[in-house]
Amino acid sequence: MNISTNPWVWFMGIGMLSLYSFIYKENPIYRLFEHIYVGASVGYAIVTAYGNIVDQAWTPLTTKGELNLIVPIILGLMLYTRFFKPIAWLSRWPMSFLMGLGVGISTYGMLNSQLIAQSRAAMMPIIAKSGDGAFLLGKSINNIIMVLGVLGVLFYFFFSVEHKGPVKKMAGFGRLVMMITFGVAFGNVVMGRIALLLGAISDIFGTWLGII
Amino acid sequence: MWFERLQNIDRRVIYTILLIVLITPMIKPIGIPLSVNSTTRQVYNLIENLDPEKDIVMMGMDYSVAGQADVHPQAVAVAKHLANRNIRNIMVSFVADGPMLAEKIIGILGDRVTYGQNIVNVGYLAGGESAIKKFIEAPGTTFINDHRGKPLANMPVMAGIKDINDITLILDFQTGSPGYQDFLRQLPAGGPLYAAGIVTVSVPNVMPYLNSGQLAGLLQGLRGGAEYEVLIEEPGEGAARMDAQSLGHVVIVAFIIVGNLAYFGSKRKGKTHGGGDKV
Amino acid sequence: MKRSVPLLIVFVIGTFLLASYFFNFTLPGTNITLKQGASTINNWGVIVTAFAVGLASINLLRIHGAKIINQRSGWVNSAILILTMFTFIIVGIYSRSNPDNESAAKLFSNLFNYAYSPFSATMYSMIAFYVASASYRAFRMRSLEATLLLSAAVLVMLGNAPIAEQVWAQFPVIGKWLLTVINTTGQRGIAIGVAIGGFATSLRILLGFDRGHLGQGD
């Protein structure tokens, strides 16, 4: 055992254990370190935002004379009018600007990379062949499952036609495919959370207590 | 009765079992062999095929500290590989935590790299997808100074970067947003190759993009990092945690099975007691 | 005016940027092309987003400041929160403004590595305990769908565990098949659906039918 003598590491270790104590029961020590964490998060975010405002707006405006940057600075400051009731409506302008910007820059890419590219990828040969023309049974079965599966999932969410007969069967198949998909997603969530817990264990038992 | 008791075990017992199972192999490693996924090998081959004389890599440090346990081992292993091959590495962040994590990696690389020569941490750009779009349109001029406040104009690592096509490969390590979807929406057709290192939680969502060829490679969570460490023959944090990760999965599976056995057992007991006359 | 100008802003900015993906002509009366104009507007967005980060801090100051002033229950924690926040801000901005000051850089680095980073990791890693508890106490195979879901989860977890591979070499094969075939299929269907829905929502926002971003009131 090689316990660290660094006071920062001790602060980290005690803080982490205090936060974990919430699992047993909420307590004052947990609340103290929770408040420290929230303060740290917001403080760090402000520092990074300040850096961006200085580098991307203030410096080019003052040193290179890029006067057009006055517009986003004013828009950014207008965001803070939401805290003053008589002029709170002014904060809608920068919010609308961000909304329009988000829609404008993402729509084309969303159609391109999500809709068209994925639709194209869904169109697979149901008789798969290797480079030299040999029939690939396994790949063909996989391709058939994938083509029917995508159609099934889309049918499941398609409500313009009543779900009966072949449509109902297709939607039912899509539902089964989605259940397995959600199962895979759940499995990955579990694995991911365990990985995060291992990181914390490494900090406590390794960096602090020197056992690992 | 016994099945009911088994179903209603105190949650703190479950937590304790989980902790013991995870901590024990961290203290006393078992050394379970680890096979390498084809998607990890794809990323490895992408870097192996780069030309140190002319190829440039952009390493997107887009993971937050909350998910660092899952993604940081991947980023470290890939950074080591790039450094070993002397490939120019430009570390950019579109997530606030990124630059500090990039500095951590540069510290780990030590003498393998010469800051400014073959590696640089240009810092963080706020704005999410807007920031990615801005960087893609002007990668050489978006940042004036690096994260340390030093001017980028004279750094050899940034030399010759006029547009995004001067970058050969984008390797983006991410925990959420902005992430692969934002990049795929903004990258031009025929532009640089794009590969990602993501948290385990997001792996299922990314698979369609890997399958369609929009992603050139994928590192999958902590296991992806461990596999990459095996490929570059430098075991690190990832490999050290795989035994515990492995046993953690098994214990969760055991919880699901035992919990369901207890449930069905108590259901059956209930039916036998309630319908005893009929039986 | 209070609602119509914001709707007009959404329409003009959104349409301008969307058009820049399809056209590139010089804007009348200027020597700026559509794409250059779009880049400029995008650049403005980066700056406005940076300003938006400060909103959270103002809100925190209002809530916790009021708690401290009125000495309500938990005011000491509120004081510590504000103290921590300003410590980060002062050290961070000073370190940024004086890049050659190594002590300031080291202090900020320590604050990040030992106060912010591990506490953030701890909060997110707590979910592992709840997932373990839920796995034992809540996840029941009550129906065909639930059975499929849990079976898929179990097989994927075993497929990813190196120890399971030593027990039966087919676990990773099955896990990989579930991930790359069935999961890809389901996720692709969902992604296509989301893209169609996203496009519809984008149009609604652009044309002013969706007004959630305007908030309440006139």
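Observations on the structure shown:
Labels for the chains are A, B and C, by order of writing; each one numbers its residues from 1.
In the analysis below, a contact is a pair of C-beta atoms (placed from the backbone, for glycine too) under 8 Å apart; a residue touches a chain by one contact, two chains touch by 3 or more.
Fair warning: this is a prediction, and the values are worked out from it, not measured in the lab.
Chain contact topology: the protein chains form a complete graph, every chain touching every other one. Among the inter-chain contacts, the highest number of C-beta pairs connects A-C. Measuring from the averaged C-alpha position of subunit A to that of subunit C gives a distance of 5 Å. Taking each chain's centre as the mean of its C-alpha atoms, subunit A lies 13 Å from subunit B. Centroids of subunit B and subunit C (each the mean of its C-alpha atoms) stand 16 Å apart.
Among all residues of subunit C, those that touch two or more other chains are 42-43, 45-46, 49-50, 53, 96, 112-113, 116, 120-121, 123-125, 128-129, 131, 135, 150, 153-154, 157, 160, 179, 183-184, 187-188, 191.
Across the assembly, subunit B contributes residues 15, 66-69, 97, 125-126, 130, 133, 203-205, 208, 211, 223, 245, 249, 252 that each touch 2 or more other chains.
Shown for subunit A are the residues that touch two or more other chains, namely 23, 44-45, 48-49, 51-52, 56, 101, 105-106, 108, 110, 114, 118, 121, 181, 184-185, 188-191, 193-194, 196-197, 199-200.
Of all residues in subunit C, those touching subunit A in their complex are 2-3, 5-7, 9-18, 21-22, 38, 40-58, 60, 62, 74, 77-78, 80-89, 92-93, 96, 108, 110-116, 118-129, 131, 135, 145, 148-157, 160, 177-179, 181-196, 198-199, 202, 205-206, 213-215, 217-218. Per the touch definition, subunit C reaches subunit B in the complex via residues 39, 42-43, 45-46, 49-50, 53, 96, 99, 109, 112-113, 116-117, 120-121, 123-125, 128-129, 131-133, 135-137, 139-141, 150, 153-154, 157-158, 160-166, 172, 176, 179-180, 183-184, 187-188, 191.
Only residues 8-9, 11-12, 15-16, 19-20, 22-23, 31-33, 35-54, 56-57, 68-69, 71-73, 75-77, 79-80, 82-83, 89, 92-101, 103-108, 110-111, 114-115, 118-119, 121-122, 142, 145-146, 149-154, 156-157, 174-191, 193-194, 196-197, 199-200, 203 of subunit A touch subunit C when the two sit together in their complex. Contact residues of subunit B toward subunit C in the complex are 7-9, 11, 14-15, 18, 30, 32-35, 37, 64-69, 97, 100, 103-104, 125-128, 130-131, 133-134, 137-138, 148-150, 203-205, 207-208, 211, 223, 242-243, 245-247, 249-253, 255-260, 263.
Residue ranges on subunit A touching subunit B, taken from their complex, read 23-24, 44-45, 48-49, 51-52, 55-56, 59, 101-102, 105-106, 108-110, 112-114, 117-118, 120-121, 181, 184-185, 188-202, 205-206, 211-212.
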